[in-house]
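A, B, C, D, E and F are the chain letters, set down in written order, and residue numbers restart from 1 in every chain.
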Amino acid sequence: MDKILHQPLGGNEMPRFGGIATMLRLPHLQSAEGLDAYNMATGAAPFDSMSVADIGDVAINTFNLLDAVRIIEEAYDEILEHNVIPMTMGGDHTITLPILRAIHKKHGKVGLVHIDAHADVNDHMFGEKIAHGTTFRRAVEEGLLDCDRVVQIGLRAQGYTAEDFNWSRKQGFRVVQAEECWHKSLAPLMAEVREKVGGGPVYLSFDIDGIDPAWAPGTGTPEIGGLTTIQAMEIIRGCQGLDLIGCDLVEVSPPYDTTGNTSLLGANLLYEMLCVLPGVARR
Amino acid sequence: MDKILHQPLGGNEMPRFGGIATMLRLPHLQSAEGLDAYNMATGAAPFDSMSVADIGDVAINTFNLLDAVRIIEEAYDEILEHNVIPMTMGGDHTITLPILRAIHKKHGKVGLVHIDAHADVNDHMFGEKIAHGTTFRRAVEEGLLDCDRVVQIGLRAQGYTAEDFNWSRKQGFRVVQAEECWHKSLAPLMAEVREKVGGGPVYLSFDIDGIDPAWAPGTGTPEIGGLTTIQAMEIIRGCQGLDLIGCDLVEVSPPYDTTGNTSLLGANLLYEMLCVLPGVARR
Amino acid sequence: MDKILHQPLGGNEMPRFGGIATMLRLPHLQSAEGLDAYNMATGAAPFDSMSVADIGDVAINTFNLLDAVRIIEEAYDEILEHNVIPMTMGGDHTITLPILRAIHKKHGKVGLVHIDAHADVNDHMFGEKIAHGTTFRRAVEEGLLDCDRVVQIGLRAQGYTAEDFNWSRKQGFRVVQAEECWHKSLAPLMAEVREKVGGGPVYLSFDIDGIDPAWAPGTGTPEIGGLTTIQAMEIIRGCQGLDLIGCDLVEVSPPYDTTGNTSLLGANLLYEMLCVLPGVARR
Amino acid sequence: MDKILHQPLGGNEMPRFGGIATMLRLPHLQSAEGLDAYNMATGAAPFDSMSVADIGDVAINTFNLLDAVRIIEEAYDEILEHNVIPMTMGGDHTITLPILRAIHKKHGKVGLVHIDAHADVNDHMFGEKIAHGTTFRRAVEEGLLDCDRVVQIGLRAQGYTAEDFNWSRKQGFRVVQAEECWHKSLAPLMAEVREKVGGGPVYLSFDIDGIDPAWAPGTGTPEIGGLTTIQAMEIIRGCQGLDLIGCDLVEVSPPYDTTGNTSLLGANLLYEMLCVLPGVARR
Amino acid sequence: MDKILHQPLGGNEMPRFGGIATMLRLPHLQSAEGLDAYNMATGAAPFDSMSVADIGDVAINTFNLLDAVRIIEEAYDEILEHNVIPMTMGGDHTITLPILRAIHKKHGKVGLVHIDAHADVNDHMFGEKIAHGTTFRRAVEEGLLDCDRVVQIGLRAQGYTAEDFNWSRKQGFRVVQAEECWHKSLAPLMAEVREKVGGGPVYLSFDIDGIDPAWAPGTGTPEIGGLTTIQAMEIIRGCQGLDLIGCDLVEVSPPYDTTGNTSLLGANLLYEMLCVLPGVARR
Amino acid sequence: MDKILHQPLGGNEMPRFGGIATMLRLPHLQSAEGLDAYNMATGAAPFDSMSVADIGDVAINTFNLLDAVRIIEEAYDEILEHNVIPMTMGGDHTITLPILRAIHKKHGKVGLVHIDAHADVNDHMFGEKIAHGTTFRRAVEEGLLDCDRVVQIGLRAQGYTAEDFNWSRKQGFRVVQAEECWHKSLAPLMAEVREKVGGGPVYLSFDIDGIDPAWAPGTGTPEIGGLTTIQAMEIIRGCQGLDLIGCDLVEVSPPYDTTGNTSLLGANLLYEMLCVLPGVARR
């Protein structure tokens, strides 16, 4: 039986301010036909190639972080039974840990492309082992990552010690501080990244605060001197050809997003991720 | 077969910031069980009494007002075939005309409870016969209203002539200017209103600008000296016992709703309307 | 020769978002015909009765407050030569002092209806004799006011001494603290006010912070527990019959007016003031 | 030795936009002299009567709610050793539970004046016993409250069952639903409240969402049809004469407070609370 | 007789927050003297070279798009009789069609420099032939453009088919997708553009959404990855030497312009356009 | 005796939304231990090298600019007696004049690195010699600057005459117009700057409007086409090695800073300035 190729609700079928609010205006339960969406820059035709849908929100426990982490892990265990590539919108960066745990059960150790202003490798925060700033230290300790195939891009901000980013380097990560990205295209960097993280399954985790506050003000810990939106697009487009088995876009915080443009940016970056998933046709 | 009693998605099942964004958090296509919502002031149990759902948006033509009006009328013709009580969220006040046209085909002339800062009985605007300020003059001319059973509440603002509100009065409408409402409960007024509009099917049309800008800033033509939210609730609760065959809440304009509280108010008023529909049980 | 009866630019002639931005959409240099604006509550027909126009802004010195005060006084000296009733939009409350000085040269001592959260009778601020909080003490000292014909309405907020409002009372002012206004119509108060301030020329000075922040958030020193917009309208409408020789509306601060509704309120109150000027016909 | 009577930093000593941002502009560690602040409506002279200071924030654990509750309780145990009356700014309503626990160790069971849109007597939320909606059920179960001396004012909103407010009533609480407060002064109600809760130590807990969103939009769960700011002032002023041993003002949420006026309101209500503490002189 | 060289109202004559709000602070009906405004980067002295004034808004029909288009065309027919170069501020991109129709009657086919995120060459939208996304297809079909002298710069966003931009290319347009502009000065591109569109009259149409949302958030259909403000200035400055016979700046949407900086940007770009009009002296 | 090395309040000791609001979260009167803050890009360890504290605000006279200037000068005279390097947050650019006067008494003529959209070398504004646009002309006339060691970076905007920036050049200043900075790193420029201004004490004055409105919208006179945040960081980091004897960051205007990110940017730039002060260790 043919798989159903869901299509985003077209702007000429329903005005853009109308219709159900879903990820990429995709159907929740209904199928739609006769519409394609193309990435005009890369020619990618994602909705022509795969069956994409919004499967709703995970009902977390908002009062207990550890329980929320448990709920997310169980939800992704269930999701991954269906052999899908999960694309997740956060939520703070804590959510990547339970997702990586579920991913590990299915795919084993994975490579990682991690865009962020912060390394998120603290040992603890206020005494807690699980928090949005400890995600990738826990992931390493739990053996979820293939450390030689990990890249962190966009790191900056003040640190508590001069060695803050060195923990990452000691694990074998390639750390690309923001200063290394200033004033240039990241297309050449991505050639190096593909070389580094290729050869196995890769997870893409994009913290919106990797991008400079001019483009992404709506986040909890903005840091100056960050990536441009164009560089963000170059990073994601530069992931084409990798064996992406999941991705997320985290730390968009609507109350701080006074113009709504951070949400718009997040939605667009998710669309760009969709366009580089394995199996997407290019016209 | 029993009808399905849909329930709003409970705040303890899914965090309030999660889940699909539907009217009153009602299902689009799925049923839910085990949850009731009660109006704590009146004891009304609407979801326990009737089958309520969000059936989505009408896909209007945003570039041609007359065509949009045609599309809306056809959509309501189809909706009303199912013997439902349509509750509509606007959109500007133009939409009430095609809804009343469809209502008229099914129910004949109807009474009207109309809350608004403006009478909306202009003959034309920029030469156009159909516009948000002409709705009720057209409705009268087309014979859609039982003019002796019409009440307009909250009228104020400057007028082009001293007779602006007199056209309404000449049709037999009861016009309650805002000044008549100042500093008091509208419960006594509503006894008079029920007397006036009862005895047949009644449509309730609520323009959010009937309410003062302190409570409803997010609208296109705010006018000072308006109703309070409490008075709005008294008006709606005072409609209990009427044979309501439809209602709308119009003129919420999100771009002007900088705190989001006008939308919140609109949603709450719609819920209050639901609680006074015929057949809703009280506990 | 007949005087020219300027009319506001009608919303059906030019969309409300278009046209030159003038006070009450009145002409700057051009006349217009065929349009009247009526106050639907009081029947006042101001544009049918008098020649009203926006004569532009006074070009103050923004770096030197005393010089700005001098410039304003000279501008009003010139304006008052034309036997007009100046209606002024501020600016902070400092501007009322030079206006009262110019008024005094023409009309002698005047009565005053002063709506405000603050008495503005400090002796000095940061050592300065002229500032927005000293206006009415200076006015008394300079003999500009007929102190037995002065009323201050809406006073509240914390004070530096328990006697803060007593200075006003010692001058013979009627002080109406906000608490005296709570939960009721001010129509009865205004009968008393007309009795107190009548019998001679009266100036009306309305500080928008007299109104509660729910209606007037866009001001520099908002104070809770203030007047409602409806009470403000009652105060102004209650001035009908007084010999008003000038009025102002001050302390609207656009940067703090995030919804624009404080500006809208200010414009409407100015319109209400226009409707009670001597000589305005009622239909 | 005389106690030090700290004074708020005066607006004529330091411009209001300058100086350290403390509660009521009180000193952190320094003393100040020669300034009093009077409540112009009630004549209360709080800074003339007692030693008031801002002792800073409790450093909670933001990732673990139960641990945060533990930290708060320990902090208040320490604070209460100094025989002070703690005035607390939240934070969500969860914080009242650890404060009441510490209060109980010192004062035993206390009466309660609780202003809120919600009863906060859920048994659990997302399976958690401790959360902002369960505070007062836990307080009852833990024997912290003298249930016959508890009043809840302003309750409204939808409920999950028609009996939602009945749990409170069964404990002996006086429940004043918002509808009981509409259109009138609450001074008479407060005479009843003083009768009900007097005769022992009383805690005052004010959830800003008890007030209507027109005045307090900056909160997480706004509900229409609430108290006015004036009624809030009447409630607090009506607590004069009670043996208040602590109070709080909770649920102000700055990200939703787009004009800053909810924060301003919260600060003013705290000042009103200060003015009714036992021992405050009136001039 | 010498033409009158109107000057913008100087910031040292009238504070920038005062005076009538006109385009570039130019007079409406009055002349001013003794002030020049120079472009400090290019030395252009526009107000020293030509007579510039704001001639007000076209009073469109807001309820009927086709009628609005008719009104605009007639207004420009009248304007162009005076041999002026019209500079227009929108309004959505629909307005360029009636302007081009009027331009065509006077100048014949014109070249076009079109900056935009979207090609605006749809055949129809919601079944309508005239809409903001069909402007340039209609212009081609009506023979208004010299297709070999048309350039579109900044195109991006998703498309309905992979061929979306190819329609433009088939007409002979030079299409410069946004990606071609990333990370570099557009001065070299503009040399190519002048070569392409020169040799006849040229119209310049600038949709503000051609610029990235970081600089121009206040628009209806923002798209990520766009031009920088600096590139926009390079494009306009690069038009110097062309025979510009009209220009517009469209799609600024104040309700979405929460900081006001999109309007500020639009005003500055219009000033830059003025500086490159034929006949402007350089010092 | 060892000097006390104050440390910023750590985000893991007190949540970032808690604690007293001081510059760089430094103590006001208390010392703290065990925490360092490193600049992750340059390795600078400012709090490990010097004693840094927030000494509060200068209590200016808000109603008299000349008196405010006098108060500031006296405050800095007193501050400089303690041999500190003052880092100042404005306030408008007027404050740099009294600071330079105090600096001059201690250090004699100084070099200047001045980042700004405007040269601030007007002779007068509205007839006043002291204003935010005249600061550096007054500083030259008063002999406060070593004119051969002055650089102005980022100048742009319209001018009243084509010679506006030439006055600076005539004094010997190096003027770097914004156009000279477009599309490139400013590291090479800063080598030239160090050459130009070195060899003596240097003051660094940073007007936030030197930066483009995309990054710094919250300021009074934003100008398009400005520096990027990254270039701002390059300028400040490029000042390392200079004998900086004071610095300021001026013209952040919170009412226009709708997202708060301009304030965040200002705080970060101040931190970057701290990192390049003489004597700061690098690890």
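Please note the rule applied: a residue touches a chain if its C-beta (ideal position, glycine included) is under 8 Å from a C-beta of that chain, and two chains touch if they have at least 3 such contacts.
In this text the structure is predicted, and so the values were computed from the model without any measurement.
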Shared interface partners, meaning chains that touch chain B and chain C: D, E
Set of chains whose contacts include both chain E and chain B: A, C
Far-end chain from chain A, centres as C-alpha averages: C
Furthest chain, CA centroid comparison against chain E: D
Distance from the mean Cα position of chain F to that of chain E, given in whole angstrom: 38
Separation of chain C from chain F, taking each centre as the mean of its C-alpha atoms, in whole Å: 42
Numbers and ranges of chain E residues touching at least 2 other chains: 15, 60, 62, 125-126, 214, 256, 258
Inter-chain touch pairs (all): A-B, A-D, A-E, A-F, B-C, B-D, B-E, C-D, C-E, C-F, D-F, E-F
Complex contacts: residues of chain D adjacent to chain A: 60-65, 67, 125-128, 130-131, 255-256
For the chain C and chain D complex, residues of the former touching the latter: 125-126, 155-162, 164-165, 177-179, 182-183, 212-214, 217, 221-225, 256, 258-259
Chain E-touching residues of chain A, taken from the complex the two chains share: 10, 12, 15-16, 35-41, 43, 45, 184-185, 214-215, 229-230, 233, 258-259, 261, 264-265, 268-269, 271, 283
In the complex with chain D, residue positions of chain F that touch it: 13-15, 18-22, 28-30, 56-60, 62
